[in-house]
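Below you'll find the structures, each written out as structure tokens.
Both complexes shown next keep subunit A, but they swap its partner, so subunit B is in the first and subunit C is in the second.
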Partner chain A sequence: MKPAPTLSSAFLKPGGQSLPAPLLALREERGTGLVDMPLPTRKTENWKYSSKYLKLADEMATSLSNEGKPGPSLPAPGYKVVFLNGVMMPEASDYPDLDDIRIRSFRDLSDDEAKTLASRLDSTLDTDAVQMARLNSARFEDGLLIQLKPEARLDQPLFIVHEVTADASGSAFPRIFVEAARHSQITLVEEYISSGSEPVMVNTVTEFDLADGASITSVRLNTEGDSVQHIGATGVRQQRDSRFESHTVGFGGPLRRHDLQVRLEGEGAECKLNGVVVTQDKQHYDNHTCIEHVAAHCNSEETYRNIAADTSHAVFNGRIHIHQDAQKSNADMNNKNLLLSNGAEIDTKPELEIYADDVKCAHGATIGQLDETSLFYLVSRGIGRREANVLLTMAFINELVEEIPVDAVKETVQVQLNQFFEHTFQEA
Partner chain B sequence: MLSIKNLHASVEGKEILKGINLEVKAGEVHAIMGPNGSGKSTLSQVLAGNEAYEVTGGEITLNGKNLLEQETEERAREGIFLAFQYPVEIPGVSNLQFLRTAVNAMRTHRGEPEINAAEFMKLAKEVSKQVDLDPAFLKRGVNEGFSGGEKKRNEIMQALLLQPKLAILDETDSGLDIDALKVVSDGVNALRSEDRAILMVTHYQRLLNHIVPDHVHVLAGGRIIKSGGRELALELEERGYGWLGIRDEDTANETGQ
Partner chain C sequence: MATTDQEVNELIKKGYEHGFVTEIEADTFEPGLNEDVIARLSQIKGEPEWMLEWRLKAYRRWLEMDEPDWAHVGYPKIDYNAISYYSAPKRKEDMPQSLDEVDPELLKTYEKLGIPLHEREKLAGVAVDAVFDSVSVATTFKEPLAKAGVVFCSISEAIRDYPELVQKYLGSVVPQGDNFFAALNSAVFSDGTFVYVPKGVRCPMELSTYFRINAANTGQFERTLIIAEDSSYVSYLEGCTAPMRDENQLHAAVVELVALDDAQIKYSTVQNWYPGDENGKGGIYNFVTKRGACIGRNSKISWTQVETGSAVTWKYPSCVLRGENSVGEFYSVALTNNFQQADTGTKMVHLGKNTRSTIISKGISAGKSSNAYRGLVKFGPGAEGARNFTQCDSLLIGDRCAAHTFPYIESKNKSAIVEHEATTSKVSDEQMFLCRQRGIDPEQAVSMIVNGFCKEVFKELPMEFAVEAGKLLEVSLEGSVG
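Let's turn to the complex of A and B:
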């Protein structure tokens, strides 16, 4: 039998020299934990459908240089923080300097602040379930810390643009930590983009810590190129009456993985998770979500849609875990999938673990193709096949696209979708 | 305008239409009557180009052009309109978007400029009033959650917007109450014109009280077994289909919906 593959020692590189000492120490400590870390295989339950897309050549171990200049990023009406290969670019960024909302690079933290942060990094994630996130903690070069004081509200969305330059093989480790104190409120847009065409890995970790009554709206848009393997993890911890809303929109690539873990730890907390995935050619996309109902009286609502064309492969795994004390939990998970070709594959799996007896938990998953009867109805009105296909495919995700709370993102998504339609539906 | 010669069609290997012959001229209204299962919807769907139905013989021409060579959308652009017996619900596509896309597809085909959203809204509101549908329906998904009668009115609304050369109405009268029947038949009468033909497919004769056909045909067992003027419809009303030697259990038990 072949020995189980482990992470190549090439990936255990020193670095992080620009970080404050406590973060550097954390990074090194996490690094030692990675020696001989097993890599996911077909037999690893949470990577069953996706391990074959993970291809970490040693050349990809090097941290991508941040010497370059960020390319023109998407229009970001609002505030903007630009990261290039995981390192913040202050010159390209434009965000307010406020007393009650502090937005800073990890590199700019005092040792005391860095020490506090170091004690909190990874605290929102179950790193056994998102094993690849451990690599981020061992390799991040910089990060973004956002701290909202009680009642603070950012008046416009904050765009965090993560660009990687795939001009040479290598990797980048974007990192974000958001601390939202009581009743604070922010809308964040994480955009992952790339230039260049050499094989690279982007390994991201974003953490949201919501105190009582805090409200975070998070938009995550992934449009990286076809040489980027993206492995991302988002951890969310919610206290009493807090609200977390996420809109994850992703277009496929050679490997796309996003783990979203939400812990509802205070009564009355609620989360709403929307997701749209679109894949074509030989692309892949895998969303794993996990909602932990720890406290009673929490609500979760999850709606994910996958569209797979050509010979692409989309995966959705939605876990809901209702703990014993989480009475009166309300959980609703819905996943619908659309196959646009016979060669495409979609795997969907709801995983429910319910230990409380007085809960409402609904879940549904479907996989289907475009409805012939509907298509006939549309073309019988003179609408062309191509347009009819587009209308019906759009109908599948319309609601989720409409719900994206930032117009600029909605527009970018529509442009990407139009390219997808252009590629997928030819005029008869 | 429409010429059907010895048309044979089957569905899932079973022959349904067994040699249909029919000539329809511009300006005429033809009623095709027949008991359930006689092939009325099959004929309608074949005319519209539904590929689930296989044409195994015969020919259909519209103004001299071979219809069978054309895709459904080409037929529609050439002027064929089918009001479905069972209109399809399409959640996620708004009625307004659907109608505007259809109208613009026709316009583009005719080399006319597309109609813009505001102009179209105005037009759509007018036409929806004509069929007594609240303009709020325009914002809903196509036929989504519409009652049977609302769906039928939506079909007529589409015909009014698209102004076809040949309108085929498949049981547009079924499932309507008296008031809705009036609205629908007013709509159909508004469609009547010198250069348009209407093919009304119906099980009952009651629509024909409101829309007087020029010709009536009886379809049974996949063939037109009798043709006549409007008096044929009245005769069918009085005597049922049994009189023509058609086994018609369903019809005997039904008194109109």
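Let's turn to the complex of A and C:
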């Protein structure tokens, strides 16, 4: 048998050295662990449908320069932190300096603080399951640490804009760590955008650590260009009665991969995961989610919708794992998919793994096209065929778009969707 | 020299006389597997050259393959060189001479299942009068089958008597290199069943391995091939509800079904091999590859299985829906108790236009067992208007057991529609209360509820099988309540 390809050593040479010593040490240690790491292939279960899109040329190994200036600012009503190629840009950012909510770059941490952080990075992730995101720990050059003290509340959403400049081949490794103490609350928007058209890789890791009763709403919007391969991982760890809500909206690219792992570790914790994916042309998008019910009396609710047009490829893999002591768990997963063209492909795998008996778990998945009778109904009432298509497609995801709690994101999504409709449904 | 030649010639002739049922006293092969072993096996079975080549090709493929480890089961590594790949049928003297010599536990189970006395002897491997057996079978089954033109024989006989059919279809559905266990089976298969239903014939009775002569010792590597010609129908039952006595720990069977235009094949299985004791010791490893090809238009293949036995089950009866309007069905009840592990499900591969498939899977796990449904529903680009409905439900009894669902759904055609739903639940307190209130003891109540849970599948089984399957669940669940 042919040996599996391994990660080129070029990818293990970190760039900027501006981090505090403990973080540099961590980075080096994680890097040695990745030497000769096998790259995922078609036989790698969690990359089964996506490995063929992963194309890592050696030119892409170097860190993208963060000398430039970020592009024109996006509408961000609220606070804003801007990252350019994985490094924070304080001049472009605008956020409050509060006693109970500390928002800082990894580079500004004292050695002691950095040491504590180093011991906690990756703690919310099952790194075996997100093998490609492990690269982030070996390469990150900066990061955002958000610490909320007990009862702290941020009054407006915090936008974290990650921009990459794809003017030359290279890669960027944005990183976020959020620590939410008892009963604190925050709404975060992670926005991934790009400029330029050279092949680049963006490899992100975001971690949320929720103490008792904490509440985090996370919005993730992915609209990078067609030369960006995006590999992202989000880890969430929840203690008693905490609540995590996530809204992922993604538009396809040459490779789009997001792993979302939630661990419900305290009784009464709950999470709600929503996701919308839209792909066209030859694009790809792969969402992998995993909810671990570790403690009893936890609830999870997951709703993902994919729309694939042209010859694009959308993948969903949802896993619910109920541990032996997680009695009285409630888990509900729902994945619906819309295939708009015969060249497109959708693959879905909603998994349940259950080790406790007193639980309520259900999952459902469907794949289909727009309903002919509904189209006929609309057309027979004088609505044009194109308009009817748009209406029905919009209806398919509208419930999820409506639930996005930040209006500015909703508007951006709508603009993107309109472009998609424009592209996909021609005037008859 | 002349005499020697004569002797040799006589010897050759002698071998011919006995044909395929030659009584070779060459008891059992030394453990181990290599090309010589396969050549010897093929020679003993008197197979033609092409068959040996076929086996060797499979063996060479097998050598390059790795044992699959993706299934949600755990078992100690199997040493394939510690297994003997041929063992002559047992002589009567070696078998238990009467039921008194049989394990009383086994007899108790027969009692509970209500199995007739003479059948008990046969099942327990007691040396019964073979003449009586074959005569009754010949008269009741062979004649009407022959009249209808249905071929129903062992695969060894088929290789001799119908080589063109075997050559055409053997490996056409499950190729030699399909997977690790299928390759192993193709290299060393011991015996199995061959069924051929000619054009337009509706097989006059339900065929069953149980009634086939010589079926008693098909060995651990069973191979089944069923061919249904245009517009024919056949229903085939495999296994039986009574626990089978068997010394072989590893079973790697291959079943191939071929349905041509308008043909229908219904394949029902009741599997109840030794599952190991309450502590998880012993038990059969059942690694089976079953696949049916709906080649013809409007053809239909239906799998129904009740799986209660074996320590480890690895089994995915599948349908390749190639012909236009062809239909695939899968109805399954898989019950695991104590330390049993099952990873079972189906694959429905839709290639042709307007193909349809239904999957109903009911998994019941009790004790410390683990029960996984693993299924694939795939629509190729040509599967215009294809449709699938999948429902897999799990029932958990006790808080140390596990139930999993791993459904893979892949679609490349926009007009194809797939619906999948799955639920997990336990026997609810309300249901139990209702039964207890009416004076039904807990064990009976659970069995009633479980039977209700499985009803959708049981109604697909041939009638007498369905009754037995109900009883079987009851027996298998014993000790899981209270």
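Assorted remarks:
In the analysis below, the second predicted complex is superposed on the first by the 425 of 428 C-alpha atoms of A that agree within 3 Å, B and C clash if a C-alpha of one lies under 4 Å from a C-alpha of the other, contacts with A are read in each partner's own complex, and residues count from 1 in each chain.
Convention: a residue touches a chain if its C-beta (ideal position, glycine included) is under 8 Å from a C-beta of that chain, and two chains touch if they have at least 3 such contacts.
Computed from a predicted structure; not experimentally measured.
After superposition on subunit A, the partners subunit B and subunit C are seen to fit next to each other with no clash.
In the superposed model, A:Arg385 lies in contact with subunit B only, and not with subunit C. The wider contact with subunit A, measured as residues touched, comes from C rather than the other of subunit B and subunit C. Look at A:Gly368: by the touch rule set out above, it reaches subunit C but stays clear of subunit B. After overlaying the two complexes on the shared chain, residue contacts for A:Glu399 are found with subunit B alone; subunit C is out of touch. After superposing both complexes on chain A, the closest C-alpha pair between subunit B and subunit C lies 14 Å apart. Within the complex formed with subunit A, the residues of subunit C that make contact are 64, 70, 379, 381, 394, 396-426.
Listing the residues of subunit A that touch subunit C in their complex gives 1, 45, 49, 324, 327, 337, 339-369. Residue ranges on subunit A touching subunit B, taken from their complex, read 372-374, 376-385, 387-388, 391-392, 394-396, 398-399, 428. On the side of subunit B, the complex with subunit A involves touching residues 48-52, 71-73, 76-77, 81-82, 84, 87-88, 90-93, 97-98, 101-102, 105-106, 109, 141-142, 158, 162.
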